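Structure first, commentary second.
By letter and in written order, the chains are A, B, C and D; residue numbering begins at 1 in each of them.
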Amino acid sequence: MNTPTPAKPRTLLEIRDFSLSFRQSTQLAVDHVSLKMAAGRTLGLVGASGAGKSSIARAILRLVKPDAGEILFRGEDIYRMSAPDLKATRQRIQMVFQDPSVSLSPRRTVEQTLLEPLQHFAIGDTDEQQGRIREILRTVGLDDSTLHRYPNQFSSGQQQRIAIARALVTEPDLLIADEAVASLDVSIQAQILQLIQTLQTDFGISILFISHDLAVIRQIADDVAVMYQGQLLEQSTADKFFSEPAHPYSKTLLSFAKGNTPGRWSGDKWHLLRGQKSLGKRAKCVYAGFCGDKLDVCEEREPALHDIQFKNQHAAAPHCVKCHLYDGVKNDDH
Amino acid sequence: MNVPYLTRRLLYGIPLVLGVTFISFLLMVYFGPDKTYELIGKNPTAEQIKEVRHALGYDRPFLLRYGEYLRELVTLDLGISDSNGERVSSILIRTLPVSIALVVPGFILGNLLGLGLGLLAAWYRGRWLDKLVMSASVVGMSISFLVIIIGLQILLCTPYGLNLFPVRGWQVHDIGSYLYYVAVPTLALVLVTLGYNTRFYRAVMVDEIERDHIRTLKAYGASPVELLFKHVLKNSLIPVLTRIMFSVPFVLISGSLLLESYFGIPGVGLVTFNAITSGDQPILKAVVGLTGVLFVVALTVNDMLYGVVDPRVTKWASKS
Amino acid sequence: MTRDTWQKLKSDRFGMSGLVVVMIFAMIAVLVWSGLLGQGWSEVTGNRFEGASAEHLFGTNLLGQDILQRTLSGTATAFEVGLLVTICSTLLGTLLGGLAGWYAHSWVDELILWLKGVLDSIPFYLFAAAVAFALQGSPWAMHLAMIVTFWTTTARIIRGEVMRIKEREFIEAARAIGLPGLKTVFRHVLPNTFHILLVQGTIVFVAAINTEVILSFLGLGIKDGVSWGLMLAESSQEVLAGHFGNFLAAGVSLFLLLMGFNLLADALQDALDTRRLLT
Amino acid sequence: MSIPALKVTNLSVWFEKDSERLKVVDQISFSIEAGDATGLVGESGCGKTMTAMAILGLLSKPGIKVCSDGIEVNGRNISTLTTAGRRSVLGRDIAMIFQQPATALDPVFTIGQQIGAVYRRHGGGDKQQTRKSMLEALESVGFRDARDIAASYPHELSGGMRQLTMIAMATVCKPAVIIADEPTTALDNSTRALILERLKHLQKLHRTAILFISHDLAVVRHICRDVLVMYCGRLIESTDCQNLFSHARHPYSAGLLSCIPQISGERPPAIKSIPGQLPPLTDLPVGCHFAPRCNRVEAQCRTSVPALDYENGRGAACFRPL
């Protein structure tokens, strides 16, 4: 669902050369990633589990200590903000998690859960707060009777709606959804995706939608960014990505999603592709170990993130790819 | 067995031993009974007090006295008992075997029975056998150790009951007399620990039986015997081992304390009992120190056995 | 939430009978504290070892004191010891266990685990004896010794639970809006450990009463008052001579109260089955 | 008509808690021919795993009742066997693959020991023969280094590799039927495609009948010929995959299909969803359980239960099928 593109597409969030290592280890969970998010659009962040998607989400919420780089929200770096600015920023960025059964505090009523952010950010007086939480419940399709019950009295679909309501109650500019529908059944997943789509059109809210499921991303995202072992390999618009994926890994991801298999027949023996084993010495390009179009340079030099302009491309949503195949390409000759 | 894992477990034990000995030193020696007045008698002069205190070493710096206490423990030169002037180490050497002979049968029986009943109750959980075992163990847990001892004594050792066994004493010179004297204390020890053991082993077994891999085994036709004795037992060996290793020091000291003091059996327990009631400090000091060390040894041996039983442990050696 | 746990508890016959027994003993304790019952336990009102009679329902002991009065007053002592030790040790266990769990694998955690390890490895009765010496036989030595060592099991369980809760997404959500640590702990962590404290409390209560009996036998227990432990200690000599009054009165009362608490603890454990509340 | 590899007739499972009876599986009947793969599809709580466990007789907990008019493997009714009799069938004639590879294997025994035990338990032969067939089973699922895998412990393998060892265990005695309960749900895309490939390959090799349980219709389409759709414990549609995806006859199946997001070059239409909520087991609606959420509901839908009637091989339990 493409929202009417605003006149001047502001960049809401920009991640510049951001690196973050796993707890108590030097291995990088996020490996100098650069990423831009336009206001009012939904960016789908895809990749296998362990690619660093959730780490980026927690980095934006400043829940981690980064190794390098900066994250600019409305032009200001989150990691260098003063306490009051940080508090104001945290009001504008909210998150929804994967497993609804554990994202709500079990011993507190829905009313207490919804009121907590309002009280914490001191938004409006008690009457206004009561009105706001009732209105937000209606927006996510629940009625007032929900308020006085406990999370374990709801189905997983309703629990996720309550979690979304809690994220929306402070009217954030950016909503981060970390695998928000991954653990839901198909029919409930569809209801939640419908809800998110109405939020996009009615609220014009920017969403960072993290998922390993390309079909869900196709349904919900305006732009797509692909992560692999902590690195950003490609970012482009959804239409472009699903019709002409640039990076070899993007092509493999799409073929897996369509059910093709990573094995090869030789005689009657069926050879299993080895698991995620990298090429012995740390190949410069992180995907070299599996890339069908690998060049020699891929093992010597790490590819740069090439910016590739397309003819009718949306200004705020760049199209770039981190691959030596595009070293020579300056403009769109596809 | 990779050595770094073992050494780390041993190092982990050092602060524990230091902690135990420090606290026992603090309570037993530093704040312990002050013997100067016993030695001096009526209205002594300031000068005499100072001189006696110096002789007893009370005026030396705190850490030095603690160091002194540690040296005693390490070299097993534990000083002389106040009550009968015998060397503490020789008392312990004489009485420890008696305590071990007293406690071991009850300890083994209590755990084996507990394991068996726990296994039965776990396999038939929810059915009548499980309910029977559980309610019996609740009754077992609700009877205090002292009540069991006195009750058994009435039943088995007095004319009001069967009067088959001795009320007190320990004239053991051969197997016959050993069984004769150890029967009632062992029965008491088993009865008091059986309830707790059964419930603990049942909980461990139920936890193991409900694991996914047991369901897989059932789905591939494994018989209950193979399931229980090969898979469930081996997987629950760790919690079982931990419990046995950790209860060794306690049953040896606290268990024997009551049994020996009540049945008049000359083991470490009786010595400790008399030391408590009469305030014989060197003995208390020694027993606490030794139990602490025994506990740490049990802790380390237990961690080492982890490695043997569970292949996952030695690789990651997670710090529990 | 608590309404359906109460329903579940009511449906458990054993649990209910346990609760009733505990209530009866609690009533007796309250009556004794308020001076309506069991006051004359120390007066010599009969001669030695009288059998059960209208005047002395349970007969009299060595000194001619009425055993019934002593048993009733013993009930109050049992609750005194039980409640004091349970409340203090559970609070201490929750505080230290919570701290160790919240700051898992930090020096705070290591320190508390070390302290727990040390206290666990000192044989309790010797520790109680040492504390009694250090406090020159004050009547509270026993209680202090129990409190200082009984908190360790509660702390271990609470530490594990807090570490599990800490990883839950609803805690991450609280941190994401910048909720201060303390508020998060008291609003989102501790309420989820309440059910454990209830069960652990009943277990510690039983342990406290059992320990008092043995400490009294060792002469380290109740000093200025009567307790079932003292009565049992007395009975150990009288029993051989065929006087079972003290033994039966104290033994049966102790058994009934412990049985009541154990049944209640089991019923609470099932009713508050954590698997159901917090998968 | 050859004897079906697996034939289930009127299988029901219910919980009995004091007076209440909660029906979890309601009169399920179906059959699978040798060499065929049938999908059992439905959302969580519809009773598909319960059906599988009931077929294998693994629901022997107090309070759970199972009854059927026969569960036949290669024509032999296993539901009436004694427990010892059934134990000889489980793993030899009918095997099961579970969803969570992380916990499905015993952590303190090696892979070789566990697969060998299944072979030996079913009278496989002496030590050498057991080891040989165990290694063969591991090679047949694609492990070139079978000996290393056999010597390793479950925690040393990745999720995907562990699931492959489960498939090796399932096929070591070459059973007539394999029930796979969501074998790929806990795995990511690349490993998922790999496991499905292995199952299809082994199915053709040994002409094994596969009952493939899943909540993911796309996965079922990839591996199964026929498909059964379950809702609230009842079979509401039984057809082949082509027909289900092109022309589902039951409103719930159609609704389920429209909910699945598609990967397409151009921008997909707005997503559709099924209105309402899955009814709780404690108060299932009378008559057709889907009635409250169905846009084709009639009076009789709320009173009587539609039977699963077939029309040229395609069955739907609905009074007004699409």
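We adopt the following convention: a residue touches a chain if its C-beta (ideal position, glycine included) is under 8 Å from a C-beta of that chain, and two chains touch if they have at least 3 such contacts.
As the structure is a computational prediction, the values presented were derived from the model and not from experiment.
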* Go through the assembly and pull out the chains touching chain A as well as chain D. => none
* Give the chains in contact with both chain C and chain D, ordered by label. => A, B
* **Geometric centre distance via CA averages, chain B-chain A, whole Å** => 57
* **Whole-Å gap separating chain B and chain D, where each centre is the average of the chain's CA atoms** => 52
* Centroid spacing, where centroids are CA-atom means, of chain B and chain C in whole angstrom -> 22
* Touching two or more other chains, which residues of chain A qualify? -> none
* To do: Scan chain D for residues touching two or more other chains and write them down.
  => none
* Asked: Touch graph across the chains, line, ring, star, complete or other?
  -> ring
* Which pairs of chains touch, using the document's own definition -> A-C, A-D, B-C, B-D
* Structure fact -> So, in the complex, the side of chain B touching chain D is made of residues 126-127, 211-213, 215-223, 226, 231, 234-235, 309-312, 315
* Flag every residue of chain C that touches chain B in the complex, lowest number first. => 14, 105, 114-115, 117-127, 129-131, 133-134, 206, 209-210, 213-214, 217-220, 229, 232-233, 235-236, 239-240, 242, 244, 247, 251, 254-255, 258-259, 262-263, 266
* Quick one: which bits of chain A touch chain D in the complex? Just the residue numbers, please. => 1-2, 48-49, 155, 157-158, 185-191, 193-194, 197, 212-216, 218-219, 238-239, 242-243, 252-254, 256-263, 270-273, 275
* Interfacial residue positions of chain C with respect to chain A in the complex -> 1, 168-170, 172-179, 187-188, 191-192, 194, 277-279
* Provide the residue numbers of chain B that touch chain C in the complex, in ascending order. => 15-16, 19-20, 23-24, 27-28, 31-33, 134-135, 138-139, 141-147, 150-151, 153-154, 158, 160, 167, 249-250, 253-254, 257-258, 261-262, 272-273, 276-277, 279, 284, 287-288, 291-292, 295-296, 299, 319
